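The data blocks that follow each hold one structure.
First subunit A sits with subunit B, and in the next complex the same chain sits with subunit C.
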Partner chain A sequence: MDFSNFLLMGQEIGLIVVFLLLFSYDIIGSEQSKNRWFHLIACIEFAILTIWGFVSPLPAGEAFGGMFVTSDLTVLMKNILNIATLIVFLQAYSWLNKENPVRRSEFFTITLVTLLGMYLMISAGNFMMLYIGMETASLPMACLAAFNKHKEKSAEAGVKYVLISALSSGIMLFGLSFLYGALGSFYFSDLTLNVVGEPLTILGFVFFLGGLGFKLSLVPFHLWTADVYEGAPTNVTAYLSVVSKGAAAFALIFVLYKVFGGIEVVWQHILWWLSVITITLGNLFAIRQTDIKRFFAFSSISQAGYILLGIIAGNAQGMEATVYFIFVYLFSNLAAFAVISAVEHASKGNTSIAAFNGLYNNNPKLALLMTFAVFSLGGIPPFAGFFSKFLIFMAAGSVGQYLLVFIALLNTVISLFYYLLIVKAMFIKKGESDAVAHFSSDIYNRISMLICLLGIFATGILWGVFSEQYF
Partner chain B sequence: MEYSLFILVAPFFLFLVLGLLGMKMKPKVAGIIGTIGMGLCAICAYTVAYQYFFQTGKVGEVWQQIIPLNFEWLRFTENLHIDLGILLDPISVMMLVVITTVSLMVHIYSLGYMHGETGFQRYYALLSLFSFSMLGLVVATNIFQMYIFWELVGVSSYSLIGFYYTKPSAVSASKKAFIVTRFADLGFLIGILILSYYTKTFDFGTLTANHAELVTTSLAGGTFMGLSLATWALTLIFMGGAGKSAMFPLHIWLPDAMEGPTPVSALIHAATMVVAGVFLVARLFPVYFFAAPDVLELIAYVGTFTALFAAVIAITQTDIKRVLAFSTISQIAYMMVALGVSDYGGHDGLGYMASMFHLFTHAFFKALLFLGAGSVIHAVHSNEMSQMGNLRKYMPITNITFAIACLAIAGIPPFSGFFSKDEILAAAFHNHPLIFWTLWAVAGLTAFYMWRLYYCIFWNTPKGDLAAEHSADSNSLQGVGGHHHTPHESPWTMAAPLIILAVFSVFSGLIPFADFISSDNRPFHAHIDWVVASLSIGVGVIGIAIATVLYLKKSDKPAEIAQSLGVFYKAALHKFYLDEVWMWVTQTVIFKYICMPIAWFDRHIIDAAMNGLAWTTQKSADSVKGLQSGQVQFYAWVFVAGSILIAVLVLFT
Partner chain C sequence: MNILSLFVVVPVLMIVFLFLSKGMKQIRTIMVTGASALLVLAATLVVLFLKERAVSPDAEMLFVSSITWFKPLNIAYSVGVDGISVVMLVLSSIIVFTGIFSSWNMDMAKEYFLWYCLLSLGVFGFFISIDLFTMFMFYEIALIPMYLLIGLWGTGRKEYSAMKLTLMLMGGSAFLLVGIVGIYYTSGQASMNLLEIANNLHIPYEHQRWIFPATFLGFGVLGALFPFHTWSPDGHASAPTAVSMLHAGVLMKLGGYGCFRVAIYLMPEAAHELGWIFLILTGISVVYGAFSAVVQTDLKYINAYSSVSHCGLVLFAILMLNQTAMTGAVMQMLSHGLMTALFFALIGLIYGRTHTRDIREMGGLMKIMPFASVCYVIAGLASLGLPGLSGFVAEMTIFVGSFQNTDTFHRVLTIVACCSIVITAVYILRTVGKILYGPVQDEHHLHLTDAAWYEKVSAVGLILAIAAMGMLPFGVSDIISKSIVPIVEKLAGI
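This part shows the complex of A and B:
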């Protein structure tokens, strides 16, 4: 075996190093020093990893006989996941240090393991690798969802996640066995040439899609989303809604473009319907929510539908639009979660939308950030979300999917309605007795908010730079 | 020359800092930060200009177009994309110098003039925003970038004109300025779209290359309503320019815009924003000349008429800032005419050079006039000529610098206006006798009304009751506020910019402009045409002489003459009733026959569709709520059933 193969796994190895460092510190360090430094060190180490991913020239190529593939694009995707994870780490400070100081390090190590799984999903060159990556990402995720195990809802979220995850794995493996049976290989490079519209292949593909659809929370594989998002700790919800979803979308892009390019017509047809019902149902449910975390669960379902819109294009433009969409979505959604986690903490665990009533009066900066975040999610210029939606629509339009774009546009109008409900709560429903009093967030969360704010503005205006760099 | 980016970044950064943190600073600190920032920006612009004109700009005998920075911002198709970048060529570098200089003067001047005003920090933030937009406009590498900054200029000037937002007249003036220029910009936008649809590019370099070959070939053959497509596109683009540059009949916003603070008038309505239209035409000059010479002809005639029209109105106005406003319209029209009568290449392109030359000199002496007027207003607290007179004793610096500016605009050698105006007249002289003689007459009118203004402020004693009061207590004047005090010279922050601009106004005419700026970017030799020069000096001297006879001392002669002109005088005084005509057009025609049906459509069709959507959404949201039951076995069932359903649908359809 040629050890130079490991050179290609720079980011994975870096991640494992960070993991090991934190893990050792957790074992060796005294309780006192950990209380003081652990969070800071974890954030700094991860920030270094993130920056390193951007600045160091990472080689492209295949390792382990095509099992593991890396390219500029996978590096970019992992960097995007890194940024999001870093922001989640920053946001978790209050939660971990006030409520769970003993189990603080568990959160970091478990999260890093899921992230490693997602790296493998993105870099997979073989369905087995993809499957292992997915399992590595899913099982610890259930632990994260059940992290507040003394709370009934959190435990319920963990159980639901693990059950549905097991089911989806089963269905996915079922699909993969069909593919193997039909084509005799799991390597993407072998399959590319052989995938034609045979019924067995298509059947295999559909079941495989069910497995990924679970991670992306596409309708009808989405029903777990709301319960898990609501029950899981807020920061875990943020991680689920951005990082986990982003990784699944990236993996889906590669699989669809690389492996199933031969049956593009078939999957475009499936995705067309999935995206329409995902966006629509996500919106319909979002309207009725009274809990902010459930609300964002459905909002993220509907956003997943928009991601499909970009993927449908099936060309380079669609790929660029999708990656960019997720990049922007990361900042917008995490900005919202920064505010949610701050408000939840200040209001002693209240996650109803009513907790946001009159937020502008006492905490104007938080209210403004939330407004920017939902405007960006809704796609209002000049926020980045407008540009990313615009590109997604352009990509879908470029292959003639005008009806789909029209339906998505109608849904954008609906989504604006429920996003504005939050703005209305914050700005108009003032003077009620239950308004959260003025408070200041911890410094970590403030940094995360600043990063998100910059992201919401800068990524929109500077997307030309982004696009020149990578596409 | 990558550092030229600093010229753009600095004002924008200042805008952010002053806009966001301004309220936490003392007003004075905010003002000084803004001024220093603008100073650095100006130094940077001078360095760029020095490097460009004396070191790197000229290769062989041709001025180069240097693009130190450019990046793709929005890509629509392979060919059609919007870039943002910096384009340095003779006219944009010249504009950088003009804008930063005048802007810096205005920054310094405002420290004194705006002292103690509420919203001082906001004022400086807006000045920075305006400077940023204007600088971005002139260095634009493509027509769409120019359009973006063009609109930014519109927005920032809107907020500056309406700076005194508690004053209803200022509010309506700012709205008027915004709406009129927006209306013109609609034409501009359509023009851009037509042009780029056919040429598949926004880039100035590509559009103007090889005698605008791309435009002439790609728009060839298409006609619409009897006119060629190129004519349509370029006329519409000119419409945008005419709006910003206040050409007849879109000039109506400029006089009203005088409601803004006076330094703002100096910056926006003298030196920078109003010349954007001229700059636009100059930027696209090869396109105009080769693709649509008929539009150039139109520009010449529109300009000529505007010049005359505004000069006639200027004679009758009594508000000193309005006189200056109409004189600005008239002078900008001069520049437009110069472009309109110009040919391409070498000495034939004299008009192009003259236009840019006049833009350059006019910026300084007109800014000086406005700042001088501001100084006077600061002293007597009124805009009305009748409230002034005899101020020369009290305000010597203002008096002398104002006189210099008046000599410059009247075209008396060796002041700067003489040289640039002479080139414009010379350019018109050979090709268009009618235009030449009209401009010649306008030059006389200009000298006359400027010196009328000068005498009324600094010499002529106040009329009527005030005069009596004045003789009783010869050291006092009555201000608008009703308080008595002696007018006095302005503080040094206001006097220094006057002196600096006066120096520019005297000497800027001596620059051999033809060596730097020409229609085909090749230097040529321009000389003073003495026939034209003596004609223009003559008419200037006559104008000044008549003004001296009528206004040096207080007399009834002007009133008698006005009386004898009767209706014509009254019409000119009311600006030929154009405001009323526009009012009638908008209210009766546009509101009634266009807006009302649209409003009906909006309320009954669009709104109904949206309400229908909302209703449907609400109903469907109600009906699907059972799906989210919370039971995990049901979720699993849906999961599996969904997968199978999809498989079945795909396989059997």
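This part shows the complex of A and C:
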């Protein structure tokens, strides 16, 4: 084996270095110094990793006989995940320091391990690699969901997540075994030529898609989403809804385009229906929620449906649109979660939508940021969400899926209805006696909000620059 | 910089300065300065436009410029104006200007004017765009501030109305966007530029067949097309004064303008084949809106239904597909925009003093506030089409143009639509008679004051514009009609 293969894994190695540094600091450092410096150091190290991913010219190629593939696109995808993770780290400050100062470092190390798993999913050139990456990402994720172990709901979320990921892994492996049986290989490059519309292959594909569907929380594999999102600590929910979902979507793109590109006709039908029911049901259920985290769980389900809309195109335009969509979604959704976690801490753990009543009177800046975030999620100009949704629709339109575009557009109207409910709560409803008083959030969370705010505006209006840079 | 881009830059600057402003005085200064700048800009544009047109009479659009925005899809920020857009820009700047004076004393003025500026930004951007994407973007920018403007500063069932209005209009834009995606991919060469699609490309009829209804309906919802007009009465009744003015006066015109510029202009075959369906719907709008106005008792509802009727007439005239009727349609947009804004300004004035809009609870206001009452009478007369005021010019042109279609179907519809003039007279005179004349209904009203200076500015400005258009219709129709020629030629050429 040639050790130069490892050079291709620059980002993974960087991640492991950060992980080891934090881990050793956790062991060596005194309690006092950790209380003061750990969060700052963790964020700085991770920020350096993120920036390094953007500025350093990372080589493209295959390593380990095609097991591991890296290209400009995978680098970009990992960078996107990095930004999101960095924002989540920044947001976690007050939660970790007030509720879990002892296990602060665990949060960072475990999160970094899940991130490593997601890197591997994206860079997989082989189904086994994809599977290992998925497992590496899933199991620690259950620990994160159960992080507030003294809270019943959090523990419940952890158990649910473990059970569901076990089930989905089982389903996925079952499908993979069919594929192996039919085609005799796990390497993407071998499979590409051999995939034809044989029943066994299609069966394998369907099971595989089901397994990945759990991660993306597509309807009908979405049942765990609301419970886990509600029970898990808010910052973990943010991580789940953006990073975990984004990684699954990226992996799905590669598998669909690389391996199953030949049977586009088959999966386009499946995805068509999946995306229609995902968007519609996600929206309809979101309307009825009274808890803000459950609300965003269903909103993120319907957003996953839009992601499928881009994937369905099956061409380069669809791929660009999907990546861009997730990039924008990251800022919008994390901006919302920044406000949610700030309000949650100020109101002593109240996560009902009623906690937002009259927010504008007491905390106008937070209310404005939340408004921008939900408008961006709902696809209103001049926020970035409008541009990314437009690109998604254009991608679906490029293969003549006008009906699908229309259904999705009608759904944006429904989604606007419930996003406006939040806006209404913040601006129009007068806060009762339990309204959140004026407070100022910690400096870390403020930085995360600033990043999100810049993202919501800049990624939209400067989309032309973005496209020239990366596609 | 292109003079047209200034129409977008000025509202943006106003927003920035508003953010930095403190105190009512600064806010008012910023708003009045900005709006005056827009007014001056619009006047300058008219002069420059006439000059430029004399130099190059064949150009379809003037002051065209384009900046590539998103290369892979050929999306550009492209601007350009013809006579129709110039007229609409003038209308918008007049109403934005007068609207500020009608909302002189607002609670939370800073936020209010921020959303107000965003709304005007969308409106101006829409009228100058000739790129489908940019146009659609500005269209949506104009829609969203409505929710907060009505929901926060409105009256009555404001939350319900705000939500209804926003969702119905967004539903319309769903139709519109699918139409735009369709136009982009079926016109042959991936292009978003209106002029390029209209002049060089052709959308096959089998696609026009679904894109035309989608875009027409999409814009039609904003133009209060029956049966999608129901947002309009609720929305206008609940909105604060200036927002009703801007919405009925300008935003509803976005619908008519869009039908014209996108639906008819790009898909002439489908307009010929399928126009009759929408013609029937607009015919219903015209008559039904007028009848509904007769039975209302709330002043704002009366005016909102009358807007449904008058805006229905705009779409009706557009679908007649000939030069005269289309010229009339644009004149009607202008005329209705001015007079409905005047109406809403005066209703806001009256409501601010009497605290009721129910016509049964008012009477004899002419004795109490003569200035406002006289203005109301003038607005009413313009609305029912008295010669010398703008309504007459517009409606006359529309009906003459409509009757030029010689087949029975069009003629019957024209006659039916003509009836609306009579019904308009009924509800206008009924209202005027009830609230302005007769005995004073409520003795508390006797102590009310007449219009304050800022309300007078708003009313007089609008009356001057209405009278100018009524007395000198040729200036306006000259600007408009030359720009309609290419559209009519395109319709005739198939």
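Methods note: the second predicted complex is superposed on the first by the 470 of 471 C-alpha atoms of A that agree within 3 Å, B and C clash if a C-alpha of one lies under 4 Å from a C-alpha of the other, contacts with A are read in each partner's own complex, and residues count from 1 in each chain.
Methods note: a contact is a pair of C-beta atoms (placed from the backbone, for glycine too) under 8 Å apart; a residue touches a chain by one contact, two chains touch by 3 or more.
Predicted model, so just to flag it, every value in this text is computed and none were measured.
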| said: By the touch definition at the top of the document, which applies to A:Gly181: first (subunit B), second (subunit C), both, or neither? | reply: neither
| message | In the superposed model, which partner reaches more residues of subunit A, subunit B or subunit C? | response | B
| task | Identify the partner contact of A:Pro382: answer first if only subunit B is touched, second if only subunit C is, both if each is, neither if none is. | result | second
| task | Could you tell me if A:Phe393 is touching subunit B, subunit C, both of them or neither one (first, second, both, neither)? | result | second
| request: Determine, under the contact definition given at the top, whether A:Arg288 touches first (subunit B), second (subunit C), both, or neither. | output: first
| task | Could you look at A:Leu410 and tell me whether it touches subunit B, subunit C, both or neither (first, second, both, neither)? | result | both
| request: Would you check which partner chain A:Gly65 touches, where first means subunit B only, second means subunit C only, and both and neither mean what they say? | output: neither
| request: Considering only the touch criterion stated at the top, classify A:Val423 as touching first (subunit B), second (subunit C), both, or neither. | output: second
| In the superposed arrangement, does A:Gly210 touch subunit B (first), subunit C (second), both or neither? | first
| task | Please write out, lowest number first, the residues of subunit A touched by both subunit B and subunit C across the two complexes. | result | 394, 410, 413, 417, 463-464, 467-468
| For subunit A, which residues count as touching subunit C in their complex? | 317, 320, 375, 380-382, 386, 390-391, 393-394, 397-398, 400, 402, 405-406, 409-410, 412-413, 416-417, 420, 423-424, 427-428, 463-464, 467-468, 471
| message | Per the contact definition, I'd like the list of subunit A residues that touch subunit B in the complex. | response | 159-160, 163-164, 167-168, 171, 199, 202-203, 206-207, 209-210, 214, 219-221, 223-224, 226-227, 266, 269-270, 273-274, 281, 283-285, 287-288, 394, 410, 413-414, 417, 461, 463-465, 467-468
| note | Residue set of subunit B touching subunit A in the complex reads 71-76, 84, 610, 613-614, 617-618, 620-621, 624-625, 627-628, 630, 632, 634-636, 638-643, 646-647, 650-651
| Taking the complex as given, what residues does subunit C use to touch subunit A? | 68-73, 75, 133, 137-138, 140-141, 144, 147-148, 151-152, 159, 163, 166-167, 170-171, 174-175, 177-178, 181-182, 184-185, 210
